[in-house]
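First comes the structure, then the notes that go with it.
We just call them A, B and C in the order they show up, numbering each chain from 1.
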Amino acid sequence: MNTTTASPGEVLLRGRGITRRWGGLVAVNDVSLELWRGAVHAVIGTNGAGKSTLINILSGEFPPSAGTVELLGQDITAWSQPRRARAGLGRSYQRNTIFPSFSVLENCRLAAQARTPRPWALWEPAARCGPSNEAAREAAARTGLADYLERPAGLLSHGQKRQLEIAMCLATAPQVLLLDEPLAGMGAEETERMLTLLAELKADHAILLVEHDMDAVFRVADRLTVMVNGAVIAHGTPDAVRSDEQVQAAYLGGH
Amino acid sequence: MDLATFLIQCLNAVQYGLLLFLVASGLTLIFGIMGVINLAHGSFYMIGAYMAFALSAPVASTFGGGFFSVLVVGVVLAVLLGYVLEWAFYSYLYEREHLQQVLMTYGLILVFEELRSLIVGDDVHGVPVPPLLSAALPLGEVMTYPVYRLFISGVCIALALGMYLVFTRTRLGMMIRAGSTNREMVQSLGVDISFLYRVVFAAGVALAALAGMVAAPVSSVYPGMGQSVLIICFVVVVIGGIGSIRGALVAALLIGFVDTFGKVLLPSAAGVLVYVLMALILLWRPDGLFKAG
Amino acid sequence: MSDKLHRPSAGQIGFVTAVFAALAAYPLVAGSYGLDLVAKIMIFAIFALSLELLVGGTGLVCFGHAAFFGIGAYAAVLLSPEYEAANLLWLLPASVGAAALYALAVGALSLRTKGVYFIMVTLAFAQMAYYVVHDTPLGGGTDGIYLNAKPAIRGVFELQGGVVMYGLAWAALLATFALLAVVSRSRFGRALAGIRVNEQRMRATGFATYPYKLAAFTLSGALAGLAGFLYAVKDGYVNPELMSWHLSGSVLIMVILGGIGHLRGALIGAFAYVLLQEFFKSEAVFGEFARHWHLGMGLVIILSVALLPRGLVGIPAQLAARLAGRASRRAEAQPGLKEQR
């Protein structure tokens, strides 16, 4: 499941020296990381460690106070969030951002629509847009929702909603996935399903995973970054991090 | 424009701005703390002005009081009105969407206007300036400035100071500020948040009504006064930043100057100038000048 | 603008068809008062539909929509030559264009704000337009301006007679309804629906949301201008009250009274609102008290918003749910409740 020496594939996303200050508070302090295709890179840390801020900066919700973000070799630090998404950076949220009154298919189709040449087309019914329908069905099938296409998203179980959240991400055909606590609130069985999905997805994507579930993280991550108070205190393979003294003291409490 | 005229216009601008501040502070408070956008706020201003008119005879005959007694009685009545209104109507608005709040309070404006029409009629009334304050201060050789207008400014400044002290120095003020950012936390500390909201609302109503009462001798009492003040207050709150008392003060004074000098220098464009100002400020700061608090 | 899961039901299509058919047949039985009243209702229905695009379709609560209505109306009068009929083929697009232009300008500035700010800012911009026509000689002041000759297409078509005006209003309403129905199902319309539910998610997916909102705002303003144009041409008279914020409030109430999120809600709301107004104003029912009709309207507004959050359109569904003994559907969040401040 988890190779100890995964050789770096193509680097898809690179963050260098990312810093974010809010007035006097430093939320993220000089964080650098790389995401490469074929690997899951997990970011863990205590509450308030700056993980959410980091992922928000990478996805483009607000700019860093210092540092750069590169996607496929291009400097995207000044790019808006929609522009990054169209360039292949997908993002899922900790709280569900699905559209509850749309069906599963409509959720995915709307997401896929962003990549069509004229997403603002005024005349043809959206339901008849071939490319977005195809992309939507594919994304739904990959996340195991193929049997639920017509169901209103609000009626799905919590686990299914989290899967839909990922499906909407996939519908935009991203190369990089930034996943913010996809396992939040899930039971054991649902967690299994999600982890299997992540293992499948990592083959052709670069994945950043922010998570609190330590068992899951150690199962699926190829690299780990540990943050405390906005700064990185450890970085490396899961085994290396697990045995790092600083991490044990600050966070794992002697796992 | 010679110096005396300029000075008079400045004083007028300050007085108008301070009066706007008084009304707008209630509006921004109610929105900042309870999250309710209250279109009927202008109606409280109108109610205050009509109280100043309607109460002068009864107050005089009951205990021989003059203008100041009317003010006191009016404020008491306004607080009571605010208390009852919050309990009977506004407390149901807290959890609703802004659109619903807008429409329900709009309906309330219509109800207030017609009730006023039924109770007091639609005539325009004047309220006499109290004899104590009816003098005029000389300014330069020829001009004078009415003492009453200085009184209005004085009242507004005193209330602004009072608000500042309450918010920063008292437990009540601290609870109010805490309640605006974290309702559940304050509740778990044993504070009765419903009561707190009722107090804040009643205070907002009283501020607007007092503004109306104090302005009545100068602006006279007429049916449309609530609505014209309401929209300007919206501009004040938008420019100043919702929930910010300090912002309301700065914005109100800014508008006071733009409006007053606009009327003198460009009379036909005066009505529009305030909105142009708002547009320019929003281009620069979409969230207003100050943050809440 | 609906986010219905499937195409509109047969019942809904049937309902709308029936309404248009009934409206088409109405001149056969109506007197001149009824004709004028229903023409007015149809014009307000266009106005309400234009706002529904913003409120129900995009989630933008605009409290200054009367400005665009009024500009369409004033343009119709101001752009007409003083004593002869203007060319309808030119005057209509010009008036609609004027309204669209103001909507573009107001939208470009207002859409930088969100939530309550947006509501207040749109109100303030409408007041700006109001004061321009109220205070400056441009608008003729409180007396208003008369349209001395109604526009026509020379040699082909003249707007003489209540029936012809009624027919023009009916055609415009049908065209507007059809346009918005197509738009709501289009990719543009679905993008707007997504923006209404969760703008953040739309941005994270790759939609630059500002241009979409601005386009919706401009289209909405243009349609409101169309309604204003028709209103001015029907009555031959415009005054600043056509831009007052009371009208902005009234059209917002029509939309919510009928039911947000449904095109036919705007139709129903316009009818219900104007008929209610006629009811409260009628001296036959209320005698002398009729001059206080605002009281009745105010109470109706408060009660309808409080008790019918889904509007009149939602009544069949509410009844059905009540009969089946279920609580409100899980699929839709409880309407009217804020998710967060």
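Going forward, a residue touches a chain if its C-beta (ideal position, glycine included) is under 8 Å from a C-beta of that chain, and two chains touch if they have at least 3 such contacts.
For clarity, every value in this text was computed on a predicted model and none was experimentally measured.
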item: Target chain C, source chain A, minimum contact steps; value: 1
item: Chain closest to the middle, measuring from C-alpha centroids that were averaged per chain; value: C
item: Reference chain A; chain at largest CA-centroid distance; value: B
item: Rounded Å distance between chain A and chain C, as computed from the means of their C-alpha atoms; value: 42
item: Whole-Å gap between the CA centroids of chain A and chain B; value: 49
item: Distance from the mean Cα position of chain C to that of chain B, given in whole angstrom; value: 32
item: Contacting residues of chain A [partner chain C, same complex]; value: 59, 80-83, 85-86, 90-91, 93, 97-103, 106, 109-111, 113-116, 118-127, 129, 132, 150, 152, 154-155, 168, 172
item: Contact set on chain C toward chain A in their complex; value: 3, 5, 182-183, 185-191, 193-194, 197-198, 200-201, 203-209, 211-212, 215, 330-333
item: Residues on chain C engaged by chain B in the complex (per definition of touch); value: 55, 61, 63, 109-110, 112-117, 119-121, 123-125, 127-128, 131-132, 134-137, 245, 249, 252-253, 256, 292, 294-295, 297-302, 305-306, 309, 336-338, 341
item: Chain C-touching residues of chain B, taken from the complex the two chains share; value: 31, 35, 37, 92, 95-100, 102-104, 106-111, 113-115, 117-118, 227, 231, 234-235, 237-238, 242, 268-272, 275-276, 278-279, 282-283, 286-288
